[in-house]
Every structure is written in structure tokens, then in C-alpha cells.
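In the two assemblies presented below, subunit A is common to both, partnered first by subunit B and then by subunit C.
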Partner chain A sequence: MTDQQIIDLINTSLGEEFELEKEDMKPEALLFDDLELDSLDIVDLVVVLEKAFQFKIREEDSIQEIRTLGDIHRFVINKKKQLNKQ
Partner chain B sequence: MAWPQSIRTKRLVNFLLIPLMNLTTLPLMLLWTTVGILLFPALFFILKTTAHWDAEQITRRLIWVYGRGWLAITLPFIRSELIGIKHDKIKPPCIYVANHLSFFDIYCLAVLPSFNVSIVIRNWPFKMLWYAPFMHMAGYLNIEKTSWEKFSESAAQILSKGGALLFFPEGHRSRDGKLQRFYSGAFKLAAETGVKIVPLCIKGTNTVLPPDRWWLKPAKVTIKALDPVDPKSYAGFSAHRLIKKNVKNMMIQGLNEMDFDTTLGNADIQDSACSS
Partner chain C sequence: MRRVVITGMGAVSPYGKGLHIFFESLIEGKSAITSLSNLADIKGLRSWVAGLVNGIDPKEIPRKYRRSMSSMSIYAAMACREALDQARLNEEQCTGGQMGVAIGSTIGSTLTTQEFFNNLLSTGSLEQMKSTVFFKIMNHSCAANVSQLLGITGRTLSPSAACSTSCQAIGYGYEMIAFGKQDFMLCGGTDEYHPLFTGTFDILNAASVNRDRDGVVCSEGSGILLLESLDSAEKRGANILGEIIGFATVSDPTNIANPDMASIKRCMQLALNDADIKPEEIDYVNAHATSTKQGDIAESEAISELFRDGTPVSSFKGHLGHTMAASGALESIALVEMINRGCLIPTLNLENIDDACSNICHICELQATNIRTAIKNNFALGGINSSLVIRRYKDD
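Moving on, here comes the complex of A and B:
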């Protein structure tokens, strides 16, 4: 899976789950302020990512540092790379 | 093609109704609010000493009466239709979820079969100084400024006492009349407590008072209660997501079935077309 395919899958999955407009889904978009997600949505977001990429991330500390959509892209790309190395 | 004489007359009447509605109802609403605020302490004291209800229930009952007052004031100008509202199956304890079109929605929900409803709202309505003390006293819940754990504890307590909660799951008023994305709070609470969800479809309040307009317009308002959804039929960690999707689909369908032009003249025209 290329980085772009990962980004596309993230955007499609989150777009469908949270009914986000495509034009709003910019890497710099803040999850709370720009995409208007709330704390409950973040729990669902983790579930959606785990289902889309078939990995577990809810225990990871670095997930707490995610602020933007771009942070999610980078987080998942790094996670996939780590898993591929193992 | 020229409009028939009867339709032109109706349009003219509606044109005249707008200033008449605003010149009569706005001052009356202001008066009713002032009277309500001034009378509240005395009524609260009387009910507390005679009926022995708790403070939240008394305040909710008085707010319900206040809402009914608003509806009575607007009655000459708003033709309302209630569908399924009186039915026993929508009585509390339950979680009402309604689409949100207008500030006026809150007052319309005084038609619900119980006064014992706590509204779940975001932070900004608590900044309306003339309403905030009553909202606090009625135990309205601020979902934006409370942690989920604390919120769900307070909500479960209201439901366990036989009360109801009212959510606007879109979070804010729709600008185009269409359903917006739903937030999860109501559905997560239903999944956690097992209390039924009652979807409410509102149509027409955005003709009366849309966002960004302060004056009122006569309209036909319809409120329809859909069949309750039992959260116990959904299982698993993501049950609330499934409930949310199901309820939203039901509401989209319910609103589509209610699709009509809500401006009073056009509704009349449509009604007469239907009856002919």
C-alpha cells in the first residue's frame, strides 16, 4: 500500500463515518475546530482506523498527540511501516 | 399563467399577516417572558411547599407552561400538525432526538406528552442571562463542558427518575433545512442505559424563524414522532454507531414523507389541491 493509498483510505473511511465534506479534509484541518469532531468522535475515529487497517492503535501513547488530519495520515503511515518491518 | 383569484387573495393575506404577526406576537412574547421571570420565584415556592416535587421537576414544569404560552401566542399565525405525539409509546423515560431548524424548535417541543424533559445543549445557550438560571435549575445538561463520564452519570439519573432527555444530535441549526451530520452523545447514552430513543421530525420552524432572522413569518409547522428505537437490539462496542445510522435514516425518511412547502399560503394551496 502506498502512502497516497493510505491517505485516501483514511479520508474515505473518516469521510463516510463522520459525513465530512471532501473539500474540508485538508491535512492541516484541526479535528476539533475545523472538522468539528468531539471527544466521543475520537473514540469512534480510532475504531474506524483499526477496522480499515486491521491493526490495534487504541493503546498507543502517540495517538494523544494527534491534532490534525495530517497527524492521522503520518501516524498511520508510520504504523504501517513499523508493522511491515516486523 | 396567472394565479387564480383565490390564491392571489391568500398570498395578499399572508403578506399582510407578516407585519401583523410581528407587531402582536413579539411584544406579547417579551411580556410573557418578563411575567414568567417575575412570577417564577412565587410559583416555585408554592409548588415546592404544596406539591413536594424536587426543584428540577418544578422548574421543568414551569418551563413547559412557559413554552405552551409561546405556542398559544403564535397560535393565530402558525398552523400546527402533530403526528404520533400523544401516543403512549413516546412517553418518558426516553431519549428524544430531534432535527434542529430554528430557535423556535425549543418552544414547539412543549407539545411533548411530558413536562419532565431535560434538554441537552451546548455551552452557548447557558450564556443567555435571562434563561441560564432556569436552565441550571431544571437540570439541563451542558454536553460541551462536561466530561462524558459525568454527563452520562447525570443523564442516567434523570432517566432513572422517569424523566426524558432531549438532544439535537446535529449540534446546531441547519442552514439549508437538510439533516446535518449527527453527533454520537444521544446514541451512546442509549446504548449505555438501554433507554429507548424517540426520533422527532420537525418541519416548518425554519419558515417561522430561520437562523439569522429575528422577525417571524406565519407557517405550517409539523412535528412527527417516529417509532421508538430499542437500543437493546444493538450489541457491541460500536452499537451507538449503528443506532445513530439507523435513527438518522429513519429521520431522513420521515422528513421526506413530510415534504411540503411550509409557507402558509403555499401549504393552503397544496392542501386544497390534495383535497380536491
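Moving on, here comes the complex of A and C:
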């Protein structure tokens, strides 16, 4: 997958799950303040990403540092690269 | 003891959303039952009809609240909003602690439970489990979801007694207000259809007061009544729709599946005692009339023994099917409307009355009749009987 394909799949998956408007899904959008997600949504966000990309990320410490939609894009792109190297 | 009145009502029924379509459809004698071809694919299921809710938009409820709701909570939430709109309560009255909730369902969301176990058993994993699954399955799911949505900070309880659920919920709400524990109670029940219900009544060999009865038709929906202390209603100039004057619920240990005539009679008598009225003051009986042979005969005999000859009796399950935990509240709403409009709605499709049930006065046609005081019955699997006494409100 190209980076853009990864970003598109993330945005589509999260948009459907959390009923987000496309125009609100900017990379700088804060998950809690701008997209109005909460702690329950973050649990489901992990489930949605694991299903969409067929990887396991629940136990990864770096998830805790995610604040924006762009952070998710970068996290998943890096994760895919790591997996491709293995 | 404070007097308790009804100042708001809300309905999501197999006719659709809202009180208007609900009552007009009952008056017009429409059936809410449809044939469901997909049920024919289930081996062993012999009834392929049900009363399903259509024409609602769940997205009326914000995602933050809807994510923990199955269909039954959505129905209850919509019915509660309608009841609150009708009662014209302000936000402080809803959220300030004076309002409580008593809303129950037969069980938590069966479909959600089914999906959870399908996933668990096919994958052996909980990794795809969403954070809100449990909130749809827990026994008090509907009451909790309604309280979250409406910001209610008073008591929240979730009576669960199958077909007696919402009759009990209204009764417990009535008692809570009467004892001064709350000023307002959103009371009722809700259920979502699952073939489990149809299959259950089928294997129990349900058969009605109709000689040609062929079993219970299961349905879904929600009925909600907003109860309020009379003092509060008068103080704020509320439109009073009716008064709850008596309630009783009893356990019938004779049989877990089949109601007993003596227990039904005792339940109705206790409700009359609670209301401090005599049987001859009852102008109409809204029967549970599930369409089970044993239940219908037992209820007919109990009504015949307790009330004066010629007391009119009907049931709405011919129109609606059996809306399970919602039935007591939806049927009470229709009863309140009949009291206020001065009419009696007949039992739909009651053409050949069983000889064993012919000892009471069945209403078979729409009648213009003024009724002042009525009793509403619900009897549940598990041996839980319940009766409410509802009276036209009169300032006395």
C-alpha cells in the first residue's frame, strides 16, 4: 500500500465508525477536542485499525502518544513499514 | 401518600413512531403484524409473522449516546423524548434529581449477545470486541442509556419480569412518587424482536380467547409514561392525562409457564384494595390476553368472578401482537387515550370466542363509552402477575 492509500483507508474506517465529516478530518485535528472522541472511542479506534490493517497494536506504548489524526496516519505508516521489513 | 398523575406519554410501536399513529391505528383497527420471509429459514420456527418497528431514524440520537444502545434502548429513548415534550418539562426538572427512571426489558439485547458469541466462538478471540457491547447486553441497558441521554440524576431502576415488566415499572414509579421519593418518573418498557421470543411461545404450545387461536405473535417497541405527583403537576399547570390510583404485583408459584386463575384474581383484588375501590367501580378491563389457552381461560374466569356482569373487556394484542416488556406501557397509553376520548377499542380478530372464555363481556366493535376507572392486567412467564388501576383525572 502507498502512504496515501493507508491514509485513505484510515480516514474511511474512522469516518464510518465515528460518523465523522470529511471536512473535519484534517491531519491536525485533535481526536478529543476537535473530533469529539473519548476514551471509549479510543478503545474502538484500535479495534477498527487492527481490523482494517490486519495487525496488532493494542499493546504498543506509542499509541499513548497519539493526539491528532495525523499522529494516527504516521503511526500506521510506520507500523506497516516495520511489518514489511520483518 | 401523594396522588400520582400521568402528564406525558410516548410510543414507538410496530405502527411507527409516536402517539398519534399508535392510537389512530388502534382506532382504525389496523393490524401491525407483517410476514417475515427470513424467519422461514429458521428450522423449528413455525411462526413467520411479527410486529416490527419501521420508519424511525436512530441518528436523531447523538452518536455519543447511541453507540451504547441497541434497538430497544433507541425505542425507549425516542418514547421518553415524546413523553417529556408532551409534559413540557424544563431541563432543571429533568436533571435536578427530582426525576427518576423505571424502564425494563425482557432481557438485554439478544441480537448483540448473539453477535458477540458468534464472533467469540468462531475466532476464539475477544480482540474484535467493541467497548460498548456490554452496555447493550446488561439487564439495565435501556434504563441506563435513557438516563445518560437525558441527564437524569435521580433513581434509575430496571424492573425485568418479561410480559409484566412495564406494568411493574409503572407501578414502582407510582409508589416512588406516592412515597415522596421522586417528583417525576419516566416509566415503561421496551423490547426488540428476536426469533427467541417466537420460539419460546411456540414450544410452550401457546394457543386465545379465540377458539381458532393459533398462537402468540411477538412484536417490538417501547411505551413510556411520565408520572408526576399531583402537587407538582398542579403547581406548574400541567395537562393531566390520567391518574394511577392502584397497583399490585404478585408471584404465582403454581407454575412457571401457566398463570393460575386464583393468583390473577388475587392480583386484581390487591390492586383494587390499593386504589381503595370496589370491583363494581371498574368500568373496563384491559386484559393481558396473550393468546395462550391456559392464560386466556384463567384470566377470563378471574375477571368473571371478580367484576360485575357486563363489565367490558378487550385486549390490544390482536392489533399489536405481544410487545413483551413494552406491552404493559403501550397498552396503558391506549387505555388512557380511550378514557380521555370516551371510546372502547375492541379486540381485533376475535371472531370465534372460545366457550371457556365466553363468561365475560368481550368488546368486538369500537364503542363510544365513557369510562372513569379501568384496570390493566399483565401476566408474565415466570409467574409474575401485575395489575394497574387507572382513573380519569378529576380534581377532587
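In this text, the second predicted complex is superposed on the first by the 86 of 86 C-alpha atoms of A that agree within 3 Å, B and C clash if a C-alpha of one lies under 4 Å from a C-alpha of the other, contacts with A are read in each partner's own complex, and residues count from 1 in each chain.
Note that in this section a contact is a pair of C-beta atoms (placed from the backbone, for glycine too) under 8 Å apart; a residue touches a chain by one contact, two chains touch by 3 or more.
Here the structure is a predicted model, which means the values were calculated and not measured.
Asker: Once chain A of both complexes is superposed, is A:83 in touch with subunit B (first), subunit C (second), both, or neither?
Answerer: In the superposition, A:83 contacts neither subunit B nor subunit C.
Asker: Touch check for A:30: first (subunit B), second (subunit C), both, or neither?
Answerer: In the superposed model, A:30 contacts neither subunit B nor subunit C.
Asker: Classify the contacts of A:58 with the two partner chains as first (subunit B alone), second (subunit C alone), both, or neither.
Answerer: second
Asker: Touching A:18 in the superposition: subunit B (first), subunit C (second), both, neither?
Answerer: In the superposed model, A:18 contacts both subunit B and subunit C.
Asker: Check the residue A:40 against both partner chains and state whether it touches subunit B (first), subunit C (second), both, or neither.
Answerer: both
Asker: Regarding the shared-chain residue A:1, is it in contact with subunit B (first), subunit C (second), both, or neither?
Answerer: Once the two structures are laid over each other on A, A:1 reaches no partner at all.
Asker: For A:50, select first, second, both or neither according to whether it touches subunit B, subunit C, the two together, or no partner.
Answerer: A:50 sits against subunit C, while subunit B stays out of touch.
Asker: Subunit A residues touched by both subunit B and subunit C?
Answerer: Looking at subunit A, the two contact sets intersect at 18-19, 36, 38, 40-41, 44, 47.
Asker: Contact residues on subunit A for subunit B in the complex?
Answerer: 17-20, 36, 38-41, 44, 47
Asker: Can you list the residues on subunit A that touch subunit C in the complex?
Answerer: 18-19, 36, 38, 40-41, 43-44, 47, 50-51, 56, 58
Asker: Where on subunit B is subunit A touching in the complex?
Answerer: By the definition above, subunit B touches subunit A via 148, 171, 180-185, 188, 237-238, 241.
Asker: If we count contacts the way the header does, which residues on subunit C are in touch with subunit A in the complex?
Answerer: Touching subunit A from subunit C are residues 63-64, 67, 127-132.
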